[in-house]
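Letters A, B, C, D and E name the chains as they come in the text, with residue numbers starting at 1 for each one.
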Amino acid sequence: MRELELYFGPQHLGMVGNFSITLQVEGDRIVKATANPGFLHRGFEKLMEQRTWIQNFPLVCRINVVEPDHMELMYAMAVEKLAGIEVPERAQFIRSIYLELARVGSHLFGLWAYANMLGFDTVANWAMYHRDLILDLFEELTGGRVYHIYLWPGGVRRDFPEGFEERIRSTLHTIGSCVPDYDDTFFHNRLFYERAHGVGKLSREDACRMGAVGQVLRATGMKKDIRKTEPYAAYDQVDWEIPVRTDGDAYSRIWVVRDEMIESVHMIFKLLDKLPKGEAYQRIPNPFKWKIPESEVYVRCESSRGELGLYLVSDGGDKPCRAHFRTPSYSHGLTILEKALENESIADVGNIMISLYITAPEIDR
Amino acid sequence: MVLVLQILFVSILACLVGLFLIGLSRKVTARIHWRYGPPLSQPFIDIVKWFSQTAVSHGKLFDAGMIFSLTGSVVVVLFLPFGGICPLSGSGGLLVILYLMLIAPLGIALSAGESANPHASIGVSRKMQLAFGYELSLLMILLSLMTYYRTVSIVDIVETQIQAGWSLVQLPLVVSGLAYLLIMPAIMGIRPFEMIQAPQEISSGPMAEYGGKFLAFATLQHAFNIYIGLSLFVNLFMGGGSNAGYFLIKLLLAFMVFQVVHAVWPRFRIEQAVRYLWRWPALLAFIGLIIVWVTTS
Amino acid sequence: MTKKSGKMDRNNIGKWFKSPGNMGQKYSLHALYFCTGCGIIEIPPTITTRWDAERFGVIPVATPRQANLFLITGYVSVKTLRYIIRSYEQMPEPKYTVGFGSCPINGGMYWDSYNTIKHLDKYIPVDGWIAGCMPRPEAVFVAVTHLWTLIDKGMATGYLKYREHYAKYRRNQEKILGELEWPPLFSKEEENEKSREKVAG
Amino acid sequence: MKLEILLAVFFGGSLLTYLLGKISKRARDILAVLVLLFATAGITSLYGKSSTATLYTGFLDFPMVLSIHPFAWIFALTIAVVGLCAVIFSWLYIRKKGRTDFFYFMMLLVIFSMIGIVLSGDFLSFYIFWEMMSWSTFLLISYNRGKAIAAGMKYIVMSVAGSLAMLVGMISLYTQTGTLVFEGISGSLNSASSGYLQFILILFFVAFGIKNAIWPLHVWLPPAHSEAPSPFSAVLSGVLIKIGTFGFILLIYGIIQVQVFVNLGHALFNVRNLLLLLGAVTILIPTFIALFQDDAKRLLAWSTVAQAGYIILGIAYGTSESLSGGTLHFFNHALFKSLLFMVVGAVEFRTNGVRDLNSLGGLIKKMPVTFVAGLIGVCGLIGVPLTNGFVSKWLIYHTLIVNHSPFLAFVALLGTWGTILYSYKLIHHIFLGQLPRKYEKLQAAPVSMKVPMIFLSLTVFVFGVLPGLPLHVINLSELGFGMEPLAINMWGVVTGSGSIQMLNIATALILGGIVLWLFFRMGPKNTRADQMDNYAAGAPVPADRYQYSVKFYDPLTRMIAPYLKDIADNFYSALARGIRNAGNGIRRIYTGDVGNYALYIILFLAILIFIQLYWKVW
Amino acid sequence: MKNPGKKLQDELRSMFESISTEGDGENRMTVKCRKEAVITMLSFLKKTGFDHLALISCVDRLNDNVLELVYILSSYGGDVAMQKLNILLKTTIPRENPQFYTATEIFGNASPYERELHELYGILFRGHPRLTPLFLEREYDIPPFRKDFDTRKYVKDVFDQIPFVDDKKGRT
């Protein structure tokens, strides 16, 4: 009997990001899946040890291309904690708004990837269009479409420009007005249910055992969100709910993503309403001479894929001694994916992979 | 001589119509996506490009299968009435068409098998299973037609319809017609039955190893295939056409319906597709066959 | 980049008859879908609603056999390089390579990383570059129009260069990746090269 | 030539071959072929003749009659040709194995006893030849020993049961009519009651049905086919099981007239409908079962069962077109199925006995001629236009549709689509895909295997383009049965409701192919790529592990598997288990499954006889 | 429970010898222990409710000539105070020929972290079921994340040594 070894990625139309899964296939079923990461390994954490505290900002955002903003936040928060810098309240609010916009953008990108995977071209195109609208906001605010370098130790790089709040509102209204269309064509589509229901199912015990976070965990019915447990920025200033589903399959995960997107939009409106006046940043010491005393810190936040952490060590110099990002895709992509793919159909590899929301650069770093 | 001219006319026109429909499909899909879309001539440009590229061949059968497949498609076109023109009407009828329609997928299957790529084999396997899925209904539908009209000749069926009205609106056949509408996307290989190529799943399946003129041939074959699928429907259920123009309008009408379906649905998994095809369309087709059988005996 | 490069002559029937090959290549650039780096984030916007590259005949395709345009989107790690070479060699000729972003040009941001190669054109020929980190989708269009000009003038001949200097490229590749698993693509050229070197040496 | 001399030469030649083998192997091989060549020539020379000769009269006062008529002629010729090809094929195939003299002797004996059956003019000689054939077949099936013995036992036990049924039928006929000569019986059965005829039909149905492997009686066939030596499998599948078909035609059209047969019994419950139903089931279920097979010969064996269903459908339907279709399909099936068994045999020969589809692949690069032969055989099996299977299937479908039996036509057509699935599986798994490294040094099939394969492929193609040749002979035999022949010409058939012209189809396909080939040549030249230079998502292709063959139709088979068990086999086994639990005595007498099959068939017959004797139901 | 950290601190002190804890006990708590005690402590902490292994990291202390392993744990279940608390479990192993015990038996997601550390720091995790290369394609003399591995020198020695393929015709 001849076994079949199929490669899903890196050069594969269903693969989002540079990642590879080696599949042992028997008939239509996957017997064993082996994740093969490392195509995007650049040794970021090594490179960070050779750059000064401020020079690292352009570097950290490039770790995750889909959602660079949470990476910036992590690094900014870690540096603030190490150096003991306070952040003004307005900056906290701006950070929250900015991060939630990034979350919506990232989720829309995920929606593109997922819909495209299932062959839902129409929805995929719409989602990408709406993400572009959010990128336009970013472009106006920061000057960059993808990489922004906007968050800064001690606040944000610049305050909102004139009338920006209104433009955020109107953009979100535009996107929000299309939610019924998305629901009709995609989320309430019978075929979406057929394709995703019961696929890549994870029990809550399995998910906890293998270190699931984010919507993979929330889709198994566990209400866990770092924004609630350990609030940062301005997340404790407004009311919001954690969307949860109980089935633990691809269908639940995508629904959690959708609900989260809507929750984020509502949150942005609430934050905009409460946005206080004041300074948006605090001065930091001269970056060329900036040294941080010997200490270490572990900070974490909720990125659009789950718990994102940074373990940052300073040895008293002008450069970090060690930085280690704890990325949500790491466990999802290297442990959970291999388990979830077992005994599934070949047709569902991409389906499961994208529903787990795996982003390759996060794993490889 | 007239016959030769007819053959040339029909085959070339079918090819052009098929390519035009591919272009139109891309344009219409783009518009549903809120895009501008490629020019209507894009399929022609692609074919010119493919013919100017070097291609990689995996063996004699890799070439021969492709030619075999396209030949099959061209010959089927000659058996289908094209608004009153049917060059090879006298030699077979529906049963022959049914069998000739086998040649095209068989050729691709052989050629893809020779490429030694499992993606291609998976694609072929899916095609075979999908075909098995829709043939169940298609055979019952065609049998109900043949039983109703008491002939196996498609020309006779078209002529009867021109006098007596479309099959689609005749009472005993309306159920079969509905079933045909349901399986039509599967015959044409468009969504939600696009799992044969499924680029996101199995890297365009049988096409995985095709490049250059092989891809050109595959696209031409696809163009013929679209024409055949639509033309069969139009001839059998929409009364064919008394002349070519009328026929083409009907063709376009049927095409637009399926194009919208194509644009707003995702793909089935193959077993879901077969299960669906064996459930509703097969049930309808079976009821239709029983109705026809009872009413005509 | 000249101003002329933006001109589109898709509807110029005369040109179609004069050089159908070039015209076909120009207006049907099928890009290989390969997310080599973070540049891939700007490819979905390029091919979807907002920018719609399909207007110009640029669509992503699944396998290298079907492609004639290779967009190297972003930095190239050593592990990816092997797959890039493999995919590039499988593409039918004529084929064009465009380096997208600063990183394939000279390493960009990762100039001191131990795991990314710095100059992509040491390993495979590159017909055009798009600078920037990240380049905007419009830049892809500029690159495409520039590639049109090059094709028109017969200057997009990276694949010929690869064929001619295959032995050198192969040697560079093997220096980084070790022994490659697949036999040389153009064995004859390599032998020629070796014999020429022997004579010279 | 006189029939007696022909038969004498046949059997004398067989014996001589056996004896010669003790002296010289090569001479024996040549003699075997010469005898078969003589047989072919002799039978060919009898074309168009109808004659009857009494061979011997003294045996218990029963005359032994030999007769030849166009209908017997086409069967005899097919047997001789397929036998000839198989014997040439076995030259090298059998050389490596032991007991070769015995093999040749049995092979010739089987072939000539089959010819004897079709040439016999009375039931006594029919029965004698029948038994000769059964026993020599048994010896050949169990030739390989091991598992083959069990397969052979299964066959012979069922065969004996069938013979018993036939014997009972013969005795009953004799008591009814007082003669065993076909013509005599036919003449005196006119006055027989409908019930009696059905009784006779069912008895003979058991006998012929077992040989022909009709659905609930097919259980012996798959193991027998897969275990027998390949050249004999070709004979077994191509012609031997069709002796049952011959019997059916002889009984229905030759002895009981077809008009009588069609009108037998009640409106719905009669032997004809039973046969049609079983024919349909025989098409459908084995087709699905064949999808699951991983053994090449077992797959072909199930396919043989399914194709027998078409023949039964054609014969039992009882119109002249359906009889033409059925008979033509027998003829075609003999050609392409023996061809396919030879193809598998050649592969088996070169790979040292590998028949497992999942471990082969890519052999087209090493055995191109074998592949082409296999492809043509498979096309014939599917019925792709330009191969012979197309015409015969078309005739069957057409008559079913025109005569208002759409459901039977549906089953027949659906069976064809199932055929495509398993045929492609066969071709793909053996010849296409990635070539394993261990077969890189494989040699092409030897000439002595290529020649019969090429010859049979040519016949498949020629009779596909010129269906008029066999149809002409079939028309002659239909005239002999007193039926209205079809309106045929060299290229096809003309009927009032649709006609078929292979001339147009062939011209269109061949010309179209040439034009497109030229068009294809116009493009830039191809470069050849090795199988390792292949798309694998950018990775190097893993050697030996890049072939999709295990569970090829996995989604489909997973779906239908729960509904599709071999009901017949399970039925016999379950009954056997029940009986076994009831009494240990039976267990001692009948060991294994085989015995049980026989037991139940015999019990069934006994009950039939009992009912007939006491209540006279029919 | 107002401050789970404090209680845990006491518990740990009573159970394990020679450990030191620091931190506010509300959000972060650092526990240092000998390397033999790590695996026991991990399973104890998991039982106590810290069942989420967030990260296994490693710091190269070139001056002390040790590698410092850091296990960061948090809690899935438990109340809000418990969920807030992150435990940084630290231990040191020698830089030369570093070996350690695997935690794959305790935490399902420890496997890739250990593979990564094996690759980037050269730490051998004994008992790990699949210690195969994860990220890297080339082999390095010194594991690249060690402090004494100079990437800039490496780039100069390897990548910059490869010549451009020049073409007389000056084609792109």
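Here, a contact is a pair of C-beta atoms (placed from the backbone, for glycine too) under 8 Å apart; a residue touches a chain by one contact, two chains touch by 3 or more.
Just so it is clear, the model here is predicted, and its values are computed rather than measured.
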item: Touching subunit B and also subunit D, the following chains; value: A, C
item: Minimum number of chain-to-chain touching steps separating subunit A from subunit C; value: 1
item: Maximum inter-chain contact count - chain pair; value: B-D
item: Per-chain CA centroid nearest to the all-protein CA mean; value: B
item: Computed distance of Cα centres, subunit E from subunit D, in Å; value: 70
item: Distance from the mean Cα position of subunit B to that of subunit A, given in whole angstrom; value: 44
item: Inter-chain centre distance, subunit A versus subunit D - centres from mean C-alpha coordinates, in Å; value: 65
item: Subunit B-subunit C separation of Cα centroids, rounded to whole Å; value: 37
item: Per-residue overlap in subunit E, given as positions that touch at least 2 other chains; value: 135-137, 144, 149, 151-152
item: Junction residues of subunit B, two or more chains touched; value: 33-35, 51-56, 118-119, 122, 199, 203-204, 208-209, 212, 269-271
item: Residues of subunit D whose C-beta touches two or more other chains; value: 533, 535, 537-539, 546-549, 552, 555, 558
item: Set of all touching chain pairs, with the criterion as stated earlier; value: A-B, A-C, A-D, A-E, B-C, B-D, C-D, C-E
item: Subunit B residues touching subunit A - in the complex, by the definition given at the top; value: 29, 32-35, 118-119, 122, 191-192, 194-195, 198-204, 263-272
item: Subunit D residues within the subunit B interface of the complex; value: 362, 364-365, 368, 371, 375, 382-385, 390, 394, 397-398, 401-402, 404, 406-407, 409-410, 413-414, 417-418, 420-421, 424, 427-428, 431-435, 492, 497-505, 508-509, 512-513, 516-517, 520, 522-529, 531, 533-535, 537, 546-549, 552-553, 555-556, 558-559
item: Subunit E-facing residues of subunit A, complex; value: 37-38, 41, 43, 45-47, 49-50, 208-211, 213, 217, 222, 224, 229-230, 297-298, 300, 307, 309, 311, 313, 321-322, 324, 326, 330-331, 334-336, 364
item: Partner subunit C, residues of subunit D touching it in the complex; value: 530, 532-533, 535, 537-540
item: Of all residues in subunit C, those that touch subunit B in their complex; value: 10, 16, 20-21, 23-25, 27-28, 30, 48-49, 52, 54-55, 57, 61-66, 68, 90-94
